[in-house]
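So, here's a batch of structures to check.
You will see two complexes here that share chain A, one where it goes with chain B and one where it goes with chain C.
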Partner chain A sequence: MNSMILLARKEGGELLMSGRGLGWLLALSAILSVFGLLLVSNTELSLLDNAQVVYDMAGLVTALGALLAVVMGADAVAGERERGTLVPLMLTPMPRNRILLGKVGGQLIAWSVMYLLALPYLWAVGSTGQNLADAMLVVALLGTPVVLAFGFLAMGLGARFAGVRGTLLTSLIVLLLSASPLLLGPSLRQSVIGKVFDAVNPFSGAMNAYDAVIIDSQALSAQALHIGAILAWLGLMLWFASSSFRRAAQ
Partner chain B sequence: MNMLRVVLIVLACAGSAAAGTAQAGGLSVSLAPLASNPSSPQMGDRLAFHSVIRNDGAAPVTGIIAWISLVQVDPGREQPVDLEDWNAHKAVTVGNLAPGQAIVTDWPMRLIQSGHYRVVISAVNREAGGLIASPFVEFAVRRKPVVESQRVLPVAFGIPLAIAGLILWRRWRSS
Partner chain C sequence: MLIDIQSLRLQIDGTPVLRDVNLSVDKGEIYGLLGPNGAGKSTTIAVALGLRQSDAGSVRVLGVDPRVDSEAVHAQTGVLPEQGGFYDWMTARDYLDFFARLYGKEYDAAALSVRLEQVGLDPALTRAIGAYSRGMKQRLGLARALLPEPRLLILDEPTNGLDPRGRREIHDLLIDLSANRNVGILLCTHLLDDVDRLCHRIGILVEGQTVAQGAIAELLRAGNQPSRFRLRLTGPPSAEVPGVVRVVAQEGEWWVVDIEPGVLPDAAWRQLLFSGWPVTEIHRAGGGLEDLYLTLSERRAA
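The block that comes next holds the complex of A and B.
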């Protein structure tokens, strides 16, 4: 079997088959459950809020997926180095980029599980409203590059930093900053600074596309600007992770 | 004096009736719910109100603008409602209304939020300095759960329990 796929299966399998990985999935599902229960207990929701709750759930799922990718990305390089297993991995005849892509494959498997886990929650809160299928589709199409970009970021930082702690801390700060549109409403992002931040932030791109598709019922094909920004960010992070990984290997 | 009291009572009754007509400056405005409206509407239902703006005077009335307003009247939650959210027509305009002619309009709306509401049609014209408003029509909207607990609860409890069960099963198997 292709060594890259083997590595991806190992990385993803560690999440799904280990007690620690299942514990993470339990914690992630508990967060989604608490959010769902909070919505059920809210008696003030109007019909307009139905799409809003699906949008909020989509944003939360993407943020949790990015968090998972950051933790796995930090462990993928900085963790291997701390455990003393990075050098043996580098000495294998596998090309560096394939190692990197294998590691990302593990994150992709983990995100896929996370996404599948989130689908029943999206259905539960959004089945009586509008654009549920579109919501599931847009989270898959735009959430995936956002999540992978954060995985690349954490791997790139892990290759440059000495330890997991510094890598995780820096990655989480970037993630928190990027995910701030979850907390700040659109009105707070109408200033020049807010608009510039929205234009360069992949998380904003995803959230704005979610807003347009889920709440405003716009076509996904009309979100080219947001998709372009997210893919540009993914490409940039891939380059950053690749160059950092090559540097760490030297 | 008694006659004045009777007139005041009649005016007060007209103000709170389900349908009625208001008149001023040659124009009269009536408003009534459509007979096809659900008797006990809930969130998501559609209602429509039928208004007739008639020129009862002897001269044409020009530049008529009529619009619908909706207010929530629940104690502690009194507020005007943004009709854009309720998919309602906002206004009709008529350049000239000859004597005896009428503007007949149906005002549909989708019920978005539960509560007690009053709907009213207001009209102005180029000549008159004031506003003419129809008697209001009251209606109540029953609450409909936006997020249904019978769907959320099995998922919210079932998935974490299933994962916890998997963790326990793995521990039991490995011990």
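The block that comes next holds the complex of A and C.
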């Protein structure tokens, strides 16, 4: 078996088969259940239309995925270094880039499980609308690079910082900053700074694309700008993680 | 030459950590790397394995520069780092299987059992590594280091946490690897008994500098270090043996003697027995490697 896939399976398995992973999945189910119930009741009361509800659920799933990637990414490098398990890995003949990709593969496995777990919830809140299939597709296509980008960010920081705590804290601050345009009011988002900030960060890119595809029923192919921003961010984070991990000292 | 390090220098955050390290390990040789805490032993190993970049000096491991092609070095080198690094949730068998595959090796269940038995672990063990004792983890780490069927072994305190029987078993394994399979071993340890028993040559590192390197007997001879022993005799010695031992004291049936510098202990005991000394027990009482080590490290620190 390819050593990268082997490592990805180990990384994914470590999370999903452990008690910690089980706890994460239970917490995820609880959050999605509560949020789903809230959205469905609002739809019943005609306070939200069906597309808006699906959009909200898609955003929540992506945000939780990014959070999962940050935690896993911080643990994959900084955590393993603290526990002394990184050195034996780095002493195998695997090139460092392949170790990095193997580790992000583990995050991809965890994100896939999370995505599959979220599908019934998406269906539950959006089965009566028209854009459910598009929502599922756009979360898979755009949510995945966003999640992986945050995973790379946390791994890159983990390679540069001494410990998990600093890595996790910094990664979470970046994640919150990325999500902050969503918290700005419409007028602030329309200001020059708001627009620039909105355009360059991946989380906004994904949410704006979700908005266009799920609520406005636009084609995914028309979201080139958002997709470009997300992929540029992914490339930048891959480069950051790769250069940091290559230089990571014992 | 499996490891050849010349005039190695390295600064970390502006502080010189390695000032002038010289080290060489040949095929089938067990080389002991000694030095006080913080002397630069682990950093030297990290440079040799390509985990750190040096500022100056030449480093060749298995014929290649680890700075350029560390993967080639890793493929033929087994390493037991200071911090073992185990996945506590795995079983020993799964752990070895995982690392074997990372080394590109496929071992079936029987082969994995043999590898566990080789280091004294029960292959039938099914509990997770997290429940292992320190000594069991040490054995597992050694099994991991042997997975790539290495030409070179780098072991940091391999007998830490082992009981006397376990220690003896690991000694025998290392002697077998070096003598019969021509594996070169770089042994980093503070246990001078291990060094005395196992090592063909040693290097002493103090404040990032190699202050001595060579065979133990040669270093003792060069350092004019007398070796002090306590001998139990069933009666008084029949004759003096000048040039071999010098009697320092007598305490009941115990006689304290210094072996003259340049005389190997084995040769001294032979001479004494031929001269009719009724020796029944021999214990080291100072001098030798421990004193040489202390003298060299103190001299440098002063």
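Assorted remarks:
We adopt the following convention: the second predicted complex is superposed on the first by the 233 of 250 C-alpha atoms of A that agree within 3 Å, B and C clash if a C-alpha of one lies under 4 Å from a C-alpha of the other, contacts with A are read in each partner's own complex, and residues count from 1 in each chain.
Here, a contact is a pair of C-beta atoms (placed from the backbone, for glycine too) under 8 Å apart; a residue touches a chain by one contact, two chains touch by 3 or more.
Remember, it's a predicted structure, so these values are computed and weren't measured experimentally.
Under the clash rule set out above, the superposition-derived model of chain A with chain B and chain C shows the two partners fitting side by side. Chain A is touched at more residues by one of its partners, and among chain B and chain C that partner is B. Touch criterion met: A:117 reaches chain B, while chain C stays clear of it. In the superposition on chain A, contact of A:61 is made with neither chain B nor chain C. Applying the stated contact rule after C-alpha superposition, one finds that A:125 touches chain B and leaves chain C untouched. When the two structures are aligned on the shared chain, A:109 is found in touch with neither chain B nor chain C.
Look at A:29: by the touch rule set out above, it reaches chain B but stays clear of chain C. Residue contacts after overlaying the shared chain place A:3 against chain C, while chain B stays out of touching range. With chain A used for the fit, chain A forms the apex of an angle whose arms reach the C-alpha centres of chain B and chain C; rounded to a multiple of 10, it measures 170°. When both complexes are overlaid on chain A, the residue A:87 reaches chain C alone and has no touch with chain B. In the overlay built on the shared chain, the residue A:39 is in contact with chain B alone; chain C does not reach it.
Put simply, chain B and chain C get as close as 10 Å, counting only Cα atoms, in the superposed view.
Residues 19, 22-23, 25-26, 29-30, 32-34, 36-37, 39-40, 42-43, 45-50, 53, 117, 120-121, 123-125, 127-129 of chain A are the ones touching chain B in the complex.
Contact residues of chain B toward chain A in the complex are 43-44, 85, 110-113, 143-149, 151-157, 159-160, 163-164, 166-167, 170-171.
The part of chain A that touches chain C in the complex is made up of residues 1, 3, 6-7, 10, 14, 17-18, 83-95, 249-250.
Chain C meets chain A in the complex at residues 42, 46, 49, 51-52, 71-72, 74-75, 77, 79, 81, 83-87, 89, 98-99, 101-104, 144, 148.
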